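After this come two complexes, each holding chain A, first together with chain B and then together with chain C.
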Partner chain A sequence: MDKKANQTTREDFERIFHPQRLAIVGVSAEEDGARGFGTGMLNALNAMGFEGDIFPVNPKGGIFAGLTIYKRVEDIPEKIDFAIIAVAAKAVPEVLESCRKKGTAGAEILSAGFSELGTAEGKDLENKIRGIAAKGIRVVGPNCFGIYCPRSGLTLLPGPDLSRQSGPVAFLSQSGGMAIDFAHKGKWMGIAFSKVVSFGNGVDLRETELLRYLADDQETRVIGMYVEGIKDGDAFFQEIKYTSDKKPVIVCKGGLSLAGQRMVISHTASMGGSRIIWQSILRQVNAIQVQNLEELAEAALAFCFLPQGVFKQISVVGGGGALGVTACDAAETFNMEIPTLCASIQTRVGHLLPKPGSSGTNPIDVANPFVEPKVLKKILRVTAEDKQIDLQIIISLLYHYKTMARLLGKPVSQVAPYRELAEGLRDVVKETGKPIVVILANPKRGVDDLDIVEMLALARREFLDRGLPVFDELHEAIRAIGHVNAYYARRNTKNE
Partner chain B sequence: MDKKANQTTREDFERIFHPQRLAIVGVSAEEDGARGFGTGMLNALNAMGFEGDIFPVNPKGGIFAGLTIYKRVEDIPEKIDFAIIAVAAKAVPEVLESCRKKGTAGAEILSAGFSELGTAEGKDLENKIRGIAAKGIRVVGPNCFGIYCPRSGLTLLPGPDLSRQSGPVAFLSQSGGMAIDFAHKGKWMGIAFSKVVSFGNGVDLRETELLRYLADDQETRVIGMYVEGIKDGDAFFQEIKYTSDKKPVIVCKGGLSLAGQRMVISHTASMGGSRIIWQSILRQVNAIQVQNLEELAEAALAFCFLPQGVFKQISVVGGGGALGVTACDAAETFNMEIPTLCASIQTRVGHLLPKPGSSGTNPIDVANPFVEPKVLKKILRVTAEDKQIDLQIIISLLYHYKTMARLLGKPVSQVAPYRELAEGLRDVVKETGKPIVVILANPKRGVDDLDIVEMLALARREFLDRGLPVFDELHEAIRAIGHVNAYYARRNTKNE
Partner chain C sequence: MNKGSAFQIIEIALKEGRSALSEYEAKQVLAAYGLPVTRECLVENRGDVEKTARKIGYPLVLKGCSFEIAHKTEKGLIHADIRSDTEALEAFDEIKKGLNGYNGAVLVQEMVKGRRELAMGMTRDDQFGPCVMFGLGGIFTEVLKDISFRKVPLNKREALNMIREIKGNRIIDVIRGMEAVDTEILANMLIQLGRIGLEFECVREIDLNPVIISGKNPIVADALMILQ
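Up next is the complex of A and B:
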């Protein structure tokens, strides 16, 4: 870490992530009609219910959404904690310098047109920003989507509809697109965020220092990162090692192919690195490497919802023999086992199962998609008694209830017993202390089956609200649990 | 192939897949109230609009849905082409023998309770079925979901809502669950089927002979298989080799793990096999191996929609620099390239792109999700002129139109210009002869965003209707195209 970072206090970071007074430079007055990033961001902040005071700035002045637009940053009558800068690239240095002189703790620069262009002018402008930042204002960007902090209501470009629910996951991303996509994905998957930072070209604040901040951030329990290039490899890996000892760091490294590396250089003007080097170093420091944003989100979900621990032996309750085969294949791939249940448990499960076509070994094939939640609850309670079992997976076949709904002439969301199932599963977890993971599979997603899609979205919320993580596919769930296992197994070995 | 198979004519198969007169044995009269598989299947066939005559059978007689229930198969006054048997396991042999004596070409046995139980009684009953089949009636099952044939209206258990649209894809599956899931997936993904057969325990008709039938079936251009165990390895691999020379065969082999192999034995009473043996043999015969049903469906979609050929060099048009990085990584993984466009094309594309933040090299970053369809059309028309390019991928960011819809106070399905885009892309394919693949990404799937889900379901249909294959994720699309490339490259090399 460089000296300046040490000089940035947690209070400074608090002013950045939770500003009381926020300047937005580059907001057009209503009559002007121009709809730049600054205006968009002001609208988004209003939609999010941002809780601080907002001071829009534009040399032309005017009024926007009932707020006076100040002509210069210097004209703002109050102290400013944080500034959002969305003016043309060549005007950025002057605005940033004004913010710095005013004692602003930090600024995010949404504008593009810097080193990513590869032009001398772009690089020169970026160097100017770097120089101003070094004098004491922390900069996120340029060429970024900014900061999302549900606690304060700060949001990413163009996100007026992100969740205001705070949670344990932080996400750092060079790519703005990845940041906003992940924030949206998290919203329906049940991942709540402490802070998301899209840092773009990363002229000042970037991976290493943000990681250090998050390592000690009480609000953050799990960290995700989308990394293309890194600035200082040694410092980054030291930092990720330090952080990984405290909390899981999940890393998606884009641009590990040769062609990808070429892209990385043009996209964020930073260096890539080879596949093997990244794999071995991330493993060494006990960071979790994932291949894409989906796998990252699934891993984050598992880390959020599962207790800290290793879950090697699992039971799987579902419908259809092939699901059992799939489960066994996935478990072996991700270093888990689906042990045969002990004989007495098998017998007791057998008594609960519908006949014929069901199977009481593990995986347990309930054969019939309409097995009542109270019966499923009993089955999972019994299987949890087997001492071998660390964690249980239930593959819910709720989509089948459309057939029943049609017979009854009712909407499927009224017929499918997802709330009862969610309550039952929550009770089993509470009683047995063994986590349950839910798979909400759905092969029906067409125009005729949007009622099923809706029902499953409602069902997902009920499960999540009761602390039960939900995945779309069994393979993905087992992969995510595998990441949790690998992280805690390595950490425990190390600490022994 | 055994002798009997040679004796089964294409006319017999036609009677099986397209029966004029169908017996369903095990339908309960209305007043009885019992809802077994037979009754469910009759309802499903009615819902599907099955076009032949149906003759329900039950020893108790009675009436169901206006149809007389015959007490015995022998009592049916007409010749029967095909029978669906859904009676208790121990009653199956007698019913099957009656069907055979009546000259029925084939029967599907939905009932479970045979060798999959591992009991002597189950095995004995299955042997009896085998003996009757050997005397001249072809059997699908037992312990299966039956046959789906959109042309005739035959459907899988419990599928009242499968598509009636015929198409080029056949699917063979030991697992009934996989068969019905795949048929449902196909419906919204745009995969239309010639025939789907769930053959369960496969006492008579199974992988090898069905493959031979499909190899020469004019309606079938692409074959998918979910295989757990096979009965006669040598015969199967000879057959798949013969078939793969004619048309692509996509194979998902379940149970390649040790635990999975144990499951395969209990589920379908057949033998599994090691991972390495399967991989090397499938490669030798130029079959396409996939890891799961999702990958199988994506590969089938690519084979259906793309011309026969190898598409090594692709262009990618999308939004966001990170998508470009992802594209390059995926292309390299699946042996494709995203070449830099020639300078004159880059210049022309550059003139069409919004500024700033866009990039006219390949991948082409349009930067702004609201670039009009007519501009995207122009861009793709220009990039197609580059002789390097074999195929184009467009990453549509239609979900962003919700922001615009909110501003306009209209539903997103009215605001997002998907129809115009679909028409534009179809025109470009027609003019340039180079296929276009569409990615309909959507990070927003929650309860608040079901309008986006609906809009994208409608959009998908518009693209598919115009011959444009649609995938959810870029990585999956490139993997699917990679399967097409590998198949035709190997086949071409062989035939040279």
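Up next is the complex of A and C:
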């Protein structure tokens, strides 16, 4: 492990993620009218309701949003915990050095113009930053979007409207775009964050050091990563292995090529391109590999909402044409099973279902989209009594309520009984101890049906607020549950 | 064979500026690390063919053996299922002809009987260092690419995991009247391959293909070791 990471205490990281006194270097005064990253960040922090004190810095001085702009970092009274640096690349080393001298625990450097340019000057500036970091200030970036931490109100560029709700998911990304996209995605999907770090060129803090920190971070239960390149394969391997033993690490590896870059002779080497090696390495450490950001978000959602465990046998309640076939195919692909319910349960479920056209086996086809929430609740309660069943999925056909809304002359959001359904399902989970996963299917997403889209967004929130994970599609949910199963199954055998 | 002699074989090859070991040499290194390899002798002179063939026992495989030739099949340098002195001499002559110009001799090798073929190997990944490979062998290695890798060092659990990870993992179970493969041996072979990768920085790549399953025992029937 990196020596310096050892020396950086948890207290230092606390000052980085939850700074009480924050400097933003590179804020332009109001009368100058400039809109640089620094100014944008200050506005974003204000919009987020950042809870600490902010000290803007610009050699020209002035006033911004009622705050005095200090001419130099040295002029800020007393200590600062963290600095956001958004000055021109060539000015960064000097600013960073003054932050370090002031005892700042860390800094994020939003400025671009370093090694990513490929120029000697850019590389030289980056080396200077590295040198200063080595003397005792932790650096995120340069060329990054920074840190998002809902608890303190720190936010990514340009994120004035990210959630302030803290949660168990941390996300690490070289790419700033991926970080901000994921943070926004999480907000409506129901993923709440502990920390999100976009580390850009990663001169100092990057995948390995941050993993090390998050492994023992009490606020973080699930870690997502978007990785392009890594700096030190051996160190990364050790860290991700250590971390994966404690909590799930979901990895999306970008830039995988089929073959290695070198000239090779043996078949082993020619087949050992980065794609298969990464896949194998991630299995070896019991990390979860996903193919894209969507799959990462879905997996993170499942890890957050489901209890730790393996859910092999599931029941599916829903409707729609190929429900049975689709569900069974998806389940089989991800090593799960939709077992036939035992006879007595089938009979009892059968009595609750509308006739004709329904089916009380598993998947349970309710045949009619307007089956009342209280009936659905009863069905799920009875199904849970089957000892085979570990987890239940309900495919909600709420979008059909538009037809009813039209007849009643009311908006669909007033007609669809999503709140009642959410409450009912929550009760069933509480009573039975078996998790329920909700699929909010919606084939109607065009401009004619924005009312449905809106209603489902409201419905999603009701389900999420009651601890019920929501997915758009059945196969996405099953794939995500599959990741949970694979992780805990492997972790359990490991600990045997 | 011990690790000292493995070291010597590689040392000599490096001194001669060679970029690979011959099959014969590679297998001596493997044997030194406890991997089961075919019984075989290197024959330079036509006059020694019959004696050697009888010592090992028919049926045999005769191969052109040269550090200069990585892939022998394509060059017609493998003659399998040799059942008599006459066939052995014929094969010897043809291989000698085929070797024309290359440094090399003829490898007289027991023919391992088994319908199942596996592959193993070692490569060095730019980021993760030495990694071992396991997969289906023979022509299926390239056709199906049903393989798994692990970064080394490897413990037994991980070795067993990577064996189970390939899609065709049932090939090592009881199947069509064939015994289950001894996975202890397989796992140990993978662990030892990883050790070679760790202990010899100069060994860049290793291919063991096919590893033929005879009864329940895997035996390395062909080996390639690339140096750097």
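As a working rule, the second predicted complex is superposed on the first by the 479 of 496 C-alpha atoms of A that agree within 3 Å, B and C clash if a C-alpha of one lies under 4 Å from a C-alpha of the other, contacts with A are read in each partner's own complex, and residues count from 1 in each chain.
Everything that follows uses one rule, which is that a residue touches a chain if its C-beta (ideal position, glycine included) is under 8 Å from a C-beta of that chain, and two chains touch if they have at least 3 such contacts.
These figures come from a predicted structure and were not determined experimentally.
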Which of chain B and chain C A:G482 touches, first, second, both or neither: neither
Which of chain B and chain C A:D329 touches, first, second, both or neither: first
Touched partner set for A:G122, first chain B, second chain C, both or neither: neither
Which superposed partner A:P356 touches (first chain B, second chain C, both, neither): first
Touched partner set for A:I277, first chain B, second chain C, both or neither: second
First (chain B), second (chain C), both or neither touched by A:P248: neither
First, second, both or neither for A:I230, with chain B first and chain C second: second
First, second, both or neither for A:G153, with chain B first and chain C second: neither
Comparing the two partners chain B and chain C, which touches a greater set of residues in chain A: B
Those residues of chain A which chain B touches in one complex and chain C touches in the other: 260, 262, 264, 266-268
Touching residues on chain B, where the partner in the complex is chain A: 89, 112-113, 116, 143, 158, 160-161, 174-178, 180-182, 184-185, 187-188, 226, 228, 254-260, 262-264, 266-268, 292, 294, 319-326, 328-329, 331-333, 337-338, 356-357, 359, 361, 363, 400, 402-403, 406, 441, 443-450, 453-454, 457-458, 461, 473, 475
Interfacial residue positions of chain C with respect to chain A in the complex: 20, 70, 119-129, 131, 133, 141-142, 145, 147-151, 157-158, 161-162, 165, 204-207, 209, 224, 226
Contacting residues of chain A [partner chain C, same complex]: 230, 233-234, 236-237, 260-262, 264-269, 271-272, 274, 276-277, 279-281, 283-284, 494
